[in-house]
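Same chain, two partners: chain A is paired with chain B first, then with chain C.
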Partner chain A sequence: MSRATQNALVRDDRTAYETVTGTAVGLSGAAFAVGLTALLDVVAIDYSVAGLELSVAFGAVLLALGVSVVGFGMASRLGYVDAAPQPSAGIVAAVAFTGIWFAVGAVVSGAAGLGTGGRLGVGTVLGGIAFATTALPREDVGSTAPAGALAGLCGLSLVSGVVGPGWEQVLVGYNATLFGDTVVPVLVLFASLVTGWSAAKAYGGFGARGRNVGAYVLIYLVVCSILAVLVGLVAFVTVKGLPGLFNGFGVGGAGLVRWPFLTNGAGLLADIAGVFPALVGTVWLVIGAVLFAVPTGVGAAVFLSEYAEQGRFTGAVEVATNGLWSTPSIVFGLFGAAFLIPRFGNQKSLIAGMLTLGFMLLPLVLITSREAILAVPDEYRDASAALGVSKWQTIRSVVLPAAIPGITTGVILGVGRIAGETAPILLTMGGGVLPGKSAAPDVLGSFQLSASPPFVSNPALLEATSALPYQLYALITAGLSGNIQNPQEYAWGLALTLLLVVLAFYAVGIATRYYFRKKLHQ
Partner chain B sequence: MSLTTPRTDWRAGIERRLTRTREFVDDTDPEALAVVLASMGSLVAAFFGFLLASAWTAVPLGAFLIATGYGWVRHQALVARAVSFAMTTVTLVTLGLIVVFIFVESIPAFRYETTSVFGVSVPGLGMFAQTRWDAVSEPVRYSLLPMIHGTVMVTAIATLVAAPIGVAAALFIAEIASLRVRELVKPGIEVLAGIPSIVYGFIGFTVINPWASGAFALNGGSTYLFVGMVVGLMALPTVVSVAEDALTSVPDVMKNGSLALGATDWQSMISITLPAAFSGVSAAVLLGVGRAIGETMAATVMLAGIPRISDPLVNVFYGYETLTSLIARGYGSANGVHESALFVAGVVLFVTVLCLSIASQYIEARMRRRLGGAE
Partner chain C sequence: MSQTDAEAVTTTANRTDGEAVSTTAGETVEETRPEWTSYEAGGETKLAVENLDVHYGDDHALTDVSMDIPEQSVTALIGPSGCGKSTFLRCLNRMNDRIRAANVDGTVELDGEDVYQDGVDLVELRKRVGMVFQSPNPFPKSIRENVSYGPRKHGDIDTGLLARLTGRAEPGREEALVERSLERAALWEEVRDRLDDNALGLSGGQQQRLCIARCLAVDPEVILMDEPASALDPIATSKIEDLIEDLAQDYTVVVVTHSMQQAARVSDQTAVFLTGGELVEYDDTEKIFENPESQRVEDYISGKFG
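Up next is the complex of A and B:
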């Protein structure tokens, strides 16, 4: 991709203005980060920083940021610095600031005791002023003045202690109260976001380049927060779950490894309660769903991309597949309960769960397999056909082997997705809250032959069985209590086990994709 | 779907098809034909046997396996074609079965909630014309409005979270990130999609709900606000991956032209890439909305489970019930008309999400046609 913004020809070296604006961006980022920790209760807002309460310090920073942001705009407007602003800040910024200032007006006048009419009036006036200040002047003023004023207002209210520790506001009729502990960090987060964007624009010298920088700052922030949430979630579950997962873990003894959490049931006899039955249940569930969905999905993908002519039939199948893909999991559960359960002994059973998840997996497999098969270049098929090889032989020895990497990846990722599904098996498979070790299904050992129809039967498949996600749900609905020591720790261990099982599928799937892609590019 | 097929007389069409079938039958080895017919016939028989819950289903199923196995050895090409065709119909059959079964199960509730308007009795209208849901005490009524309200609240908040963040992240992956960063961020977002919803729900139940209860002095910790945010996080990966597909499908020629004129990256994105991919991006948002509507476990675990409409309507600090959580919580203990009413909730969900899915497919198809140029 081209990098039109890093254009050394027309930009001078770093100027003092860029240094100052860059510092302001950094300071906004720091305020944002600290505000986040305050929101998460890591630091209290009355924590003392250099003799000041944290909320007052926040206020001072926001005030400084607000003043300097306005200053950046003025410096550019008065021609002290070299910038390339456009005639107006643009309609998007104008609408955004109008909305923000309308809300500010409504909230502040509401807190001052005005009625609905007064609130609307003040909000409209402030919104109108903000619109005029953003849209009418040149871009350097339009995109800094409303932002700086906003940060300044937030800063003032924090410094003066109007909003601070101990502040509270009852939301009449809303069954809720706002406290300083949450409102202060939220104000800080919001105001620092606005000043950060505005300062970034100033850093880029406004104009096209300034907008580029401003937008990139916001986008980078979004992406970083997504990754932070992801890492935070996984780390949180890991930290909470490790004590439960490794309860009684040891190396040596009868087996090579003693891992009671994974090899014990949760009955009265087990000294350390474990999740063995649910783990086995999940394994069988996945095997059953894969046995049903993978051959069906791959076969359908072969037919659709190799045999069928594009027409009504393929169109209908495509619509149906995408429709099934987006059908809510609970609807699959209802379907399984209405269709499968009456046909398998009228009770929740392992096989009903397997088939329900199989129905869910089918569209995932079909879509990814079809993509993989379509990605095989036509030259392969033509070359094979030119050698006089029949169509089916071509599919079997040329198309499918070339498509296997894509199909494998799709299947593994799909399996990872269904292994964590709770809603469908809640309605079709059931199982106990804390099953003992004997409740683990023994599918292979339970096949029976009989002289009367249906001739082959397997009681293990027809029994209600627990699985990891279902057991977690059952524990939560039981109020995280039960006939075991420390149910909390047990539940977190269970959550971590489930997360690890699912993430393992994803890791393997993603690694397979990289492996094959690397091989392809060699 | 091709709409360009010339309109032909249906009789000629049937005639042609018959001729083709006859030629095909004449050309094929009669034994192979017999095997395929036996295999497909027994498969259909097995399907109907299963549908009728017959204990004899195993017999045609066994016959199918034997015929197919024999055919696989002797006439592989033809059997493979027939079997793969049968597999293709499975998706259609599944969708059909879902429709039939959840509609059939919901009929009693529709009957029970019949209300007459201007002397015409409309089945099921009572579920949408009053707001009382009470399956236990008299008068027993099954209104879905409280749950629809809850679903709308959660979905709206989730969309406010997922749509802007998702599109921004998609822009980052498709346009901004270098190859190395993309290889890090993309799997990260996939993994986010993989975290099971019950784990989100568990964190919500044990961490977010108690925190919200204290931080806002709530009556209990359930709020649509935080359920919506969690659900938005769960819908995010769908939005990102579909929107990213749409953005990358915009031909590079268009962007390069803009960049060559001296536009910045951001200008090219805003005025070229996003408008060109607009339909794809809106399809992504629609699919994300569908995911949010259908999200079950986080809502079930985090919400209070009281079928009531919050007052005032937009009060995000209450968290009562959504359509999905109503089913998950109530199924099993419900029976009779109550159970049937849960199926009606399923029908509402299914129809809504299916419409969203079809709409997004239509939008995507239109975009592909436009970007494809003259085709």
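Up next is the complex of A and C:
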């Protein structure tokens, strides 16, 4: 066995090579992070640090990274460092770099004024060179040279100002314009991802260990960017919505807290317009849908998994429930409008909305409950049967308690979906654009007893009621110019309230699941 | 896990070359089966099995098995994987009813009453014939709830809200039952201070003794054990074995085991099943292990076959 394929068993001291390549990985990560913040408009790309524009600084960093990545590969190839590269960087890397360089060639030659044929030609030539450079030489050159050149090219275009804050490009045929403040961060993200991967491979000494480190860095950076988008989205709504939500907020007074946005209606008499009716409407809507869907869904799941003969019938039910779950919500809304509304006083009503959303929730509760019940080990059923306990008793005392965490997960997911649904309640529940406080449904206080059938009635359930997503939709279509002082602020506050309500339902569900799981295993 | 795999493998092997096995062994079996299996144990007969045949679909799992199991003794069932000993055990309390493809012919009499006749109350049967499984399977509940599960579901103990409000609940009875059952299963001293902890937190051996206590709590007459120690370490195994010997003073114990040493240590009489689901020899344990009649049993016991 040749010396080159052997690694030391124990790596205790950091070599200078590892320090330098590790620094390059860290620098790539930092560039990636700053690039993300620039893409999300947290920092502007023409922001100056010590007289240096951010985009130029980005370019310098990328240029340095590109040059050093190529240097890492050459150092390994010329035998200055102890690495274990394989004969080739592999077909996957080669195909990836071919695609990237083909695109680079086509875009750059297009910018230089070539026609379609010329672009394809330049792209093909560059792609071919990239393929040969990646696949043919040893791994240490193959996985650094194309990556370094790419980062260098991006860096050069930023440093030289070819692409910068003032840059813009009209996209012919797309009816859109690309601006520098989008393109620069994207270039930075992309190039730093490539150099991060390449430097990480060098850090691991190429070979199996290098590929492992490279894949780790690549996945880590991509996951970070996904999380950043999520956090950015929530942060965006929060920042925009906070002023509206806390308009007139104060501690003390009649109640413990004054929170007019949540406790006021939007009527003329309210000095600060609030979302109380829609908030109460959404809460009742979700409660009603859950009360309808959970008992029926869990009951059906128990029947299908414990009692029914597994066969064509259960198969057909399974296909049907899966189909129902992917049915567009507007179709459920139409069903509610055509079927439920004529049966509940011929007008849009809270109970029609509850039932429509209950129908939407039902398939998911059924599917997840069934999975959860099937996941309960058969040993429990055997043990219970061997003690002479009947099937129903076994289901009630052993199977369902063990399945509750799974069932709860299904209900959480379903509630998250239906709480934000607009289309079905638009057709079945209605409600005003800017309902006054008196429009809030008082479900508990409206029960009335009577001597003749149906003995109990509840007018609040039969009235058109507003809910948060519908009110937001109605506000936007009405042009945000209602009889309130600051419609923009009001609408963003409403959006934030909706987000918080959905998250609150999530929190309740997760706490429930945690409680039952702990009870099962603790 | 490996046991189950091995079982599956042998079952398929039987199916493919079952022909060969029965032809080579056929003459010996026909010649001698009547004397070797018509053993009469001392004492009252608790379970009398007559001409039992079990099919799983097309697979013949038990072939014409007849044997009498005496009361207040330990009967061991041994044999290679897939020989039908677990199937036989599961026939005794009709747990095979839970497998749709299983088809049972013949009679199993418990104190002279056929458990396979029409109108048998499975709840009552399984209260009288309890079962302990191969891998410990306590419910994900507290130790106390595990033990009192059977009596509660049968209505012998009622600690529900309504019972408490109407004064029907007798909290002392549950305590006494839990203590008595755990003590009988030699687990009381180890868990008396943590009866409300989840049973899944116990060690494997403790879990298996808890399962035995859970079975004892419904006060059965017969206890069936399906390889009760195969998932346990040697120390836990020896505790279970001591327990089995001890239980035979009050109960009729039928135990399936892979380990011949275990059968020799704990049982009074031993039945040997060999491939094809036939009962080859049934006699005093000492006789089986020291001087078996059948050449095939001798080969199996000395490790030449199986």
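In this text, the second predicted complex is superposed on the first by the 447 of 522 C-alpha atoms of A that agree within 3 Å, B and C clash if a C-alpha of one lies under 4 Å from a C-alpha of the other, contacts with A are read in each partner's own complex, and residues count from 1 in each chain.
Everything that follows uses one rule, which is that a contact is a pair of C-beta atoms (placed from the backbone, for glycine too) under 8 Å apart; a residue touches a chain by one contact, two chains touch by 3 or more.
Remember, predicted model here, so these are calculated numbers, not experimental data.
After superposition onto chain A, the modelled positions of chain B and chain C are compatible, with room for both.
Of the two partner chains placed by superposition, only chain C is touched by A:D382; chain B is not. Shared-chain residue A:I226: touches chain B; no touch with chain C.
By the touch criterion stated above, A:T296 is placed in contact with chain B alone, chain C being left untouched.
Of the two partner chains placed around the shared chain by superposition, chain B is the only one that A:N212 touches, whereas chain C remains out of contact. Of the two partner chains placed by superposition, A:D442 touches none, neither chain B nor chain C. Within the superposed three-chain model, A:S390 lies in touch with chain B and with chain C [touch as defined at top].
Comparing chain B with chain C, more residues of chain A are touched by B. Look at A:L427: by the touch rule set out above, it reaches chain B but stays clear of chain C. In the composite built from the two structures, the nearest CA pair linking chain B and chain C is 10 Å apart.
Counting contacts as defined above, chain A residues 390, 393 meet chain B in one complex and chain C in the other.
The residues of chain C lying in touch with chain A in their complex are 93, 95, 98, 122-127, 130-131, 133, 135, 137-141, 149-150, 153-154, 198, 200-201, 211, 214-215, 218. If you check the complex, the residues on chain A that touch chain C are 377, 379-390, 393, 397-398, 401-402, 520-522. Listing the residues of chain B that touch chain A in their complex gives 1-2, 5, 50, 53, 55-59, 62, 76-77, 80-81, 83-88, 90-92, 94-95, 97-98, 101-102, 104-105, 165, 168-169, 171-172, 175-176, 185, 187-199, 201-203, 205-207, 211, 215-219, 233, 236, 256, 259, 262-267, 287, 290-291, 293-297, 300-301, 311-312, 315, 317-318, 324, 327-328, 331-332, 342-343, 346, 349-350, 353-354, 356-358, 361.
Only residues 1-5, 41, 171, 173-179, 181-182, 208-209, 211-212, 215-216, 218-220, 222-223, 226-227, 229-230, 233-234, 236-237, 295-297, 299-300, 302-304, 307-308, 310-312, 315-335, 337-339, 342-343, 359, 362-363, 366, 390-393, 395-396, 413, 416-417, 419-423, 426-427, 430, 452-456, 469, 472-473, 476-477, 480, 491, 495, 498-499, 502-503, 505-506, 510 of chain A touch chain B when the two sit together in their complex.
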